[in-house]
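Both complexes shown next keep subunit A, but they swap its partner, so subunit B is in the first and subunit C is in the second.
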Partner chain A sequence: MNKTINQKAWYFVIPVFVLVAFNAAIPLMTVVNYSFQETFGNNVFAWEGTRWFKQILLSERFHASLGRQFAFTFIILLIQIPLGIAIALTMPKKGWGVPVCLILMSMPLLIPWNVVGAMWNIFALPDIGFLGHSLNAMGFDYNFTQQPGDAWFTTILMDVWHWTSLVVLLSYAGLNSIQPAYYQAAEIDGASRWATFRYIELPKMKKVLTLAILLRFMDSFMIYTEPFVLTGGGPGNTTAFLSIDLVKMALGQFDLGPAAAMSLIYFFIVLLVCWVFYNLMMKNEAQS
Partner chain B sequence: MKKYKWLVPTLYIIFLMLPIYWLINMSFKTTTEIINTYSLWPQKFTTENYVKIFTDSTWYMGYINSITYTVFNTIISVAAALPAAYAFSRYKFLGDKHLFFWLLTNRMAPPAVFALPFFQFYSSVNLFDTHIAVALSHCLFNIPLAVWILEGFMSAVPKELDETAYVDGYSFGRFFFKIFVPTIAAGIGITMFFCFMFSWVELLLAKTLTATAAKPIAATMTRTASTSGYELGLLAAAGTLTIIPGAIVIYFVKNYIAKGFAMGRV
Partner chain C sequence: MSLELKNVEKKVGIDTHIHPTSLKLKKNTINVLLGSTLAGKTTLMQIMAGLDKPTSGEIWFDGKNVTGMKVQKRNCSMVYQQFINYPNYTVYENIASPLVITGVKDDEIKQRVGKVAELLKLSAMLNKKPDELSGGQQQRTALARALVKDSDLILLDEPLANLDFKLREELREELPKLFEDRDCIVVYATTEPSDALMIGGNTATLLEGKVIQYGKTLEVYNKPENLISAKVFSDPPMNIAEITKRGDNCKFTDNDVQWKSSAKIKDGTYKIGIRPHNITTYKEGNNSVEINGKVQISELSGSESLIHFTNGNLNWVSLSNGTQQKNVGEDTKLYMNTDEFLYFDQNNRLVNNG
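Then we have the complex of A and B:
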């Protein structure tokens, strides 16, 4: 759409600008403030320069939680995106099945995150949970509160349970926007099922899939509540992702300086990845 | 192969429903039964967990608090986002692209980063432990989202609609509320759905900003779990009840969900 140049449009944006600035800029400045200083309580501060940043960037604890975070995000993207596409492809296109699928599949998205954690905790407990009990009955030695591997398995399964539906809904919407004429043309050309998917459906879903990856990246990178309730970051520190580690440092140990420095580094990483994605997305949009 | 296509979504839905069933199953058991026996359905069916929640004010007030700040937040977010989204979809202005990306960055900000500054900030303006504090703090991620979705819907409306209205002598205000808002009503519905959803499920900020008066149900659950031992039955019943508002909201917007996701670029 060709837009008119109108500087007065700023007046329309002012409420949003004020509300978000109030919520984002002021708190962010507090974080920046802490990140360069040492606090002694009672509002006594001392300038520390870049000491906290160096300390965090060189600390093994940060490297470890960052590594875990990237591993987690990578694994869930690898599972959720293909699985979401597969489910969207096999979902009914019309009839009573559509609302049933949509309603049931959206359910996990609307459950408070700590309830998701608590629910999976009860579900996976080795003695009284359905999942834990069944796995042990099948002969697996499964205990997510004791064994790191099981804790990872459960956390990933929980995230797949929680968020795959988002990818399904997005892909389904993308598929629905394809005109029937494309399929008819493919049929006339005698295209195989794979060819139809590869050359018609996938390109048409490019936009929603970029979006799905972007959203899943952002949200899984910030994940806090669900693993916190499920495993508490344990056993040991094996499932302490970035946010869990950060909250532990800021509110648990009250190490405000290092925690603030870590916040900024953390935020910067998310921003960087999202900026790259955002530009890719805008480029796609400009092309289509 | 085509014949067995329905298997994939069916299996997926069964996978989705299992943990939910387990939670509901637990909520009708007594805590002693949960701990001592493993059974696929309640042996001694009891509703005492639910009775406790509906008669104890610390429990049911949690629901009222959660719903209050969620509704506040939905109203604030959508009301502020409407004019802004209109500006982004119709006009070019100084810094528009940067502003749009800056808004989006706030959707990307990890709440864990903001928890402590928010606590200090809202305490210093005497808003700590109020519904409005939680509602305002959730604007951090809901306003960018609302602007993003609404902008998608508004851009789909041809600009000729605006121009025709002005030629017909409509003032901007009358055009906006009498013609434009009804045209994108579905989009507004979807936006409200997403604002409701993200405010309802968020806990970290809601928990940090409240103590007693505005404590959300989710926080009541975690605190009960840690103070009075592990009352699993009660926890399961409370958890089951948090699913209901979401289910009601989904039922109302079911026809728009898939469409809204795509159009609004959520």
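Then we have the complex of A and C:
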């Protein structure tokens, strides 16, 4: 076979190549570069090997923020996934209620993240915020700027408010793709509401739910803007999740080396968890 | 045991889905609901099953009024056009599911599932999940689920429509045998007249939410009460023309073709219905009459040839055996078997039914 050799075709790849280089490869390599060296400004670098990685991996500060991060992600997944499915199940399937519900559900998703943070900050302020003031008026000692428990409560509530809609919309789409005949068949069999959910709706929603959990895991694991505006990581360090801690280290303390090492470790953790999770969820799929 | 619909009517908003219908289905019978899409077959079945309530009228089962009784309490099963199985259950668990819910003992479940699986040739696939099966096997699983329960009423809603041709033929042959020794009423909805003929039993022809005729399948086919029933129960479509009868002589209104009729009917104008297979490219029967036709379309399937032709205002279909090669636009001679003509009066009722 005579292949036509035309090296000009490479020119067509150049735009994508440049784009990917500038938005992914080059910044990432800069971080890799910083993570192995010490810098004193003025472009003076000294080789440090894996010192920063060891330092980060052994530091209590990193362990603490990683722990907080996992706790936060775990809690919001635990709330948002069941809550999202529950809301999707109660949403109307036809009539004027459908667009109303869909629009209402999409609203929180359309609000810029820092606005969400600012909104909840004002909403929850103990003296003038509606939530904070009401809680205090009801006799609860609520102050999210000073009490860690309240700060966590507010952050989680904010995230649930902001992101449950995503799970709802995905679940709703999954539910709507189930043919009515399935429900009739279950009804004829005499299956209970729970059995119908467990053996028809849940398996049929498997794919969208996998997607929902993955998206919510990644987003919540990388959360920055909203808690930064709401609590700024405080009080103390109690709501300093990984990304907040990272920014503090990189820009607050200007520890570029350790911060770069931490970025890479952070990145690999996200990658690893997503990979493991995806493979577990899709295991059955692969068998068939 | 019998299922009786008494003046059942179903309205949704201002639309009437089922006009008042009375129908009595007897024990140990297969009953075909034959009609095109939107004829009301599915609605009628859902009312029979109790999945849907009639707007008015009553449903009696086994001498009891069961109108409004929930489907769970009725001991019926249903198979759909789509292959409906529990997605993450194995074939075994799927077939066993109605028994598990009603609390049958494990040993008995095992034995009954095994028996039904064998009947439906699923024994080798009991441990597979539905999405690992072919469409035919998935539908067999759904059928097995319906059979394992010993229902009083088994409803099959176009169960073969989503299968490819070969599987459809195969399953269609097996179906009547599956229900042979069962103490139940089977209702089978289909759009295909050939399904009804192969399944036998009784047939109800439906059009636009009305039951046109109900009776033994062959009787409904050979002696349709009226023109509508004849049309519903004919595929390819029935050829219809107006004729006049004077004594023994009959003549088409639209052309000069004449024949002698032995039908004992008064002189006058009638409509006749001729099934496509009674117009052939060769003579059939002792009283065949020639008709000229201009070929419009010619479809050969190997064993049969469909030739669409025109003669003046008539636009007809003929069905002959074998491959009858005709060119489009060609003038050809065809033969009508006049013994098989169906004569309808001005009210569309069959008159030569003696």
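Note that in this section the second predicted complex is superposed on the first by the 258 of 288 C-alpha atoms of A that agree within 3 Å, B and C clash if a C-alpha of one lies under 4 Å from a C-alpha of the other, contacts with A are read in each partner's own complex, and residues count from 1 in each chain.
Simple rule for what comes next: a residue touches a chain if its C-beta (ideal position, glycine included) is under 8 Å from a C-beta of that chain, and two chains touch if they have at least 3 such contacts.
Because the structure is a prediction, the values reported are computed rather than measured.
In the superposition on chain A, contact is made by A:267 with subunit B only, not with subunit C.
Judged by the number of subunit A residues each one touches, B leads among subunit B and subunit C. Contact with subunit B, but none with subunit C, is seen for A:208 once the two complexes are overlaid on the shared chain. With both structures placed on the common chain, the touch criterion links A:253 to neither subunit B nor subunit C.
Of the two partner chains placed by superposition, A:146 touches none, neither subunit B nor subunit C. When the two structures are aligned on the shared chain, A:185 is found in touch with subunit C, with no touch to subunit B.
Legend: residue contacts after superposition of the two complexes on their common chain; A:7 is shown touching subunit B, with no touch to subunit C. Legend: residue contacts after superposition of the two complexes on their common chain; A:199 is shown touching subunit C, with no touch to subunit B.
In the overlay built on the shared chain, the residue A:50 is in contact with neither subunit B nor subunit C.
Subunit B makes touch with subunit A in their complex at residues 5-9, 12-13, 15-20, 22-23, 26, 34-35, 38, 40, 76, 79-81, 83-84, 86-94, 96, 99, 101, 103-118, 120-121, 136-137, 139-140, 143-144, 147, 155, 158-159, 197, 200-204, 217-218, 221-222, 225, 232, 235-236, 239, 242-243, 245-247, 249-251, 254-255, 257-259, 261-263, 265-266.
Residue ranges on subunit C touching subunit A, taken from their complex, read 46, 49, 51, 71-72, 76-78, 80-82, 84, 86-89, 97-98, 101-102, 129, 131-132, 145.
Interface residues of subunit A, counted against subunit B in their complex, comprise 1-10, 12-13, 15-17, 19-20, 22-24, 26-28, 30-31, 86-87, 90-92, 97, 99, 101-115, 118-120, 122-123, 127-131, 133, 161, 164-165, 168-170, 172-174, 176-177, 207-208, 211, 215, 218, 221-222, 224-225, 229, 242-243, 246-247, 250-251, 256, 259, 263-264, 266-267, 270-271, 274-275, 278.
Contacts from subunit A toward subunit C in the complex involve residues 179, 181-182, 184-185, 187-191, 195, 199-200, 203-204, 284, 288.
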